[in-house]
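Every chain is named by a letter (A, B and C) in the order it is written, and numbering of its residues begins at 1.
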Amino acid sequence: MSPVDTQAQPSQPVKLRPGNIQLDPQGKLRHFLAIEGLPKAVLTKILDAAESFTTAHEHREKKIELLKGHTIANLFFEPSTRTRTTFELAAKRLSADVLNINISASSSSKGETLLDMLRNLEAMHVDMFVVRHGSSGAAHFIAKNVPPHVSVLNAGDGSHEHPTQAMLDMFTIRQHKPDFPSLRVAIVGDIMHSRVARSQIHALNTLGVGELRVIAPQTLLPAGIEKMGVQVYQNIDEGIKDVDVIIMLRLQRERMHSAFIPSEHEYFSLYGMTETRLALAKPDVIIMHPGPINRGVEMDSAVADGSHSVILQQVSNGIAVRMAAMALAMRNPDGSSAS
Amino acid sequence: MSPVDTQAQPSQPVKLRPGNIQLDPQGKLRHFLAIEGLPKAVLTKILDAAESFTTAHEHREKKIELLKGHTIANLFFEPSTRTRTTFELAAKRLSADVLNINISASSSSKGETLLDMLRNLEAMHVDMFVVRHGSSGAAHFIAKNVPPHVSVLNAGDGSHEHPTQAMLDMFTIRQHKPDFPSLRVAIVGDIMHSRVARSQIHALNTLGVGELRVIAPQTLLPAGIEKMGVQVYQNIDEGIKDVDVIIMLRLQRERMHSAFIPSEHEYFSLYGMTETRLALAKPDVIIMHPGPINRGVEMDSAVADGSHSVILQQVSNGIAVRMAAMALAMRNPDGSSAS
Amino acid sequence: MSPVDTQAQPSQPVKLRPGNIQLDPQGKLRHFLAIEGLPKAVLTKILDAAESFTTAHEHREKKIELLKGHTIANLFFEPSTRTRTTFELAAKRLSADVLNINISASSSSKGETLLDMLRNLEAMHVDMFVVRHGSSGAAHFIAKNVPPHVSVLNAGDGSHEHPTQAMLDMFTIRQHKPDFPSLRVAIVGDIMHSRVARSQIHALNTLGVGELRVIAPQTLLPAGIEKMGVQVYQNIDEGIKDVDVIIMLRLQRERMHSAFIPSEHEYFSLYGMTETRLALAKPDVIIMHPGPINRGVEMDSAVADGSHSVILQQVSNGIAVRMAAMALAMRNPDGSSAS
């Protein structure tokens, strides 16, 4: 009769592989919490699924009934209209019902614990949680505490990971330059505080990128970054020489007050992307940014809106990649993969 | 030409039975405002309909197109994310369109009266209002002022009634112990201020429960409660002796400040549910709570999460029971029952 | 590779007629920004489409799958629950997905420009923007900056126009009095600040109304109003003599503080509609108001709820007219008309 007992003893016993809560016993995606630890085959499967959704959209099959009758709850502990909107659109295009839970308004006001809130949403037959949280590991904690038929997608946790953002970047790169081993990629900006950068580095290494560079001032580089399989450049003009792909990170303006960088003007002159600077990269370089752009800080408008920019393609691909992650992670009532 | 005239003279004349606005001339559910006054046959019909939706869900028929094209408006004058969410999910699973109206934000800002707001929503072809309000009788007032094709569900009005909550409790009891006449049931806690308790007492009596007890300190018992067909206990150890079902009420923390109870600690020691205390009831007793639980005040966690608890089943059943109430109360344009 | 280039060179080149961004080369509705400049044939087409949706609703075809898979974003820079709700219901009845964007919460917090926000929403495959803004010309500005497959509906811009409101008024008039050339119509109230009045005057003149009067105190009449093809009355008893249709405008209470009118009481005695006053018009006059009514300021309740009032029919018609505008303006990916 106890819900805890029920959850611990599902009709179909599911054993997670030790050390990787993200995969089911068949090696299929169960939760999508981090790029770190996922094999190349799983990443490729996400990219392939996203491609099929992109093709479907071009053929005017805008509505896909794959998740009809499933309920997805957006649990955003950190507000982000932009990211929530992309997950909401992805869920709706798969015909799922979407529940947006305003955490501050709902749970805390009546003194409910996080686990009680999860138990209640599960009891309402919510099938998937999309979690954004200011603390690293929050989505992982939730994933450890859901029953076998519920899956969890990480929409950004602290400075840890933001795996769907990284995968939409991989998808965008693959559209233009499908052979990862032959690519030289540079990530520019606040590596230290960026969950996006951490996810990108893991994804690019897992997909076998030829060479991966990070470009940042010393104050924005985490200690021991070299161990992540990257080459470090503090000089951007050296760092972007002959690269195929440049990924600009967003500069959080609040860093300024913490004295990580001297001023926006100074940052732009040292690390901002201009057309002159861009000419140092390969002639067919593509330039990416997770948005929203601080024009005149990370890059000038000529670059953001120029012929090398794929920034808006990233946004479009964000819908397809989130549809892919949702479709692959969704579970049947017995905990088996629904797709 | 006048909308008032139009509404007063529908093409199919509908006469409400004197004294019971909740039923149509055929005795079918028209509004769901209160348990009091509804015959046993109607309550049983709601339970049976809820059962069919539960079965449908187990068979993966998650989406039912019964209310496709109908519009349901949640009018929440009192904020409650939790209750609104269950009504919203119930409506979506029946394929209805849902409109969440934030009352403070919409009506009052432009000085619109409540009746004008209702008239406008009806003119937009809203078919059903789900109403939650801090004043007793609010849903009843609205029901008296809607045209024949619109129905009203009460989602809690002041300290009057909360009929869908009571019915999900009845449904949960019936799942475990279907023979009401043989049951001994105890309701524990703040009877005086609880609209849930009022609805439960009416429902249990209508369904013919064998014996009904209420357990509370004198300060939390309404005057004349004995006339509602209950036996009163102030000592919980005596009150739960040999009962089949225990329903704990939620303690509103604001009561503390009003000196109804001395302290949370004192309340827990006198009325809180522990495993030791639970052993006084029947061996197969089930324990219920409307949520969210104040752990360590109304009950300790060992009971809340223990083998006798059916608390999360109540939450699941809340969706099915609300689907049932919506499906049964929905009207055709001529005011006849749509189901 | 640049999104700007891509958007500027669609596969099917689309050239807008000089001077009228609202029509496509075939003369079909592309954006709906203002009544001014639209030919009678387009207005009539909107009315005819609205009529077909009204008929469909009466035949219980509540859900129409015309825009299934399309996404409509409500961009409300000025809050209006009422207007947003009618657009949202219209979109849902056409089976479109709806995105409500809270502008203050989303765009400005991260310093994103309006154009960047639009580009991002377009990249997420939003097909239509419904725009409400406090500045005149805002919807027009946005329409000039969207790619060929995206269309824009004006839901009110400053004191410029509110075209869907005017068209629902035309639709309501046509239901009761279909022969515009034979009609005498009076608009009463704050002409100067009313975008609704501006749109109504253009619509009535384009549809060939017999005689159009505006009735207001000197302080609420814009300079040069006579050039818009109206007759001006400051005395309401003279102005409504023998009219077929009276359109009351809503009085913004904030005007009081700006000394445009002396007091609500004074305004009601000079311009408020009473049954006595109404007797001066034709015996079968209809009286209209965009809502919400200030009872006792613009009209008394006997008129608002009386047999000449068609105010709630206006609200119902608002859904059908917005469905019509959405269906007609929606584009295919190549920029051609989707309907």
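What we mean here is this: contacts are C-beta pairs under 8 Å (C-beta built on N, C-alpha and C of every residue); 3 or more make two chains touch, one makes a residue touch a chain.
Fair warning: this is a prediction, and the values are worked out from it, not measured in the lab.
Enquirer: Which angle of rotation, from 0 to 180°, maps the CA atoms of chain A onto the equivalent atoms of chain B, to the nearest 5?
Expert: The rotation relating chain A to chain B comes to 120 degrees.
Enquirer: Please tell me whether the contact surfaces of chain A and chain C are same or different in residue numbering, using the over-half criterion.
Expert: Both copies touch with mostly different residues.
Enquirer: Could you state the distance in Å from the CA-based centre of chain A to that of chain C?
Expert: 41
Enquirer: Going by the touch rule set out above, which residues of chain B reach two or more other chains?
Expert: In chain B, no residue touches two or more other chains.
Enquirer: Touching residues of chain A toward chain B in the complex: what are they?
Expert: Within the complex, chain A touches chain B at residues 1-5, 68-71, 97, 99, 101-102, 105-106, 110-113, 116, 119-120, 122-125, 333.
Enquirer: In their shared complex, at which residues does chain B touch chain A?
Expert: So the residues of chain B touching chain A come out as 57, 60-63, 79, 81-82, 85-86, 88-89, 92-93, 176, 253, 286, 291-295, 305-313, 315-316, 318-319.
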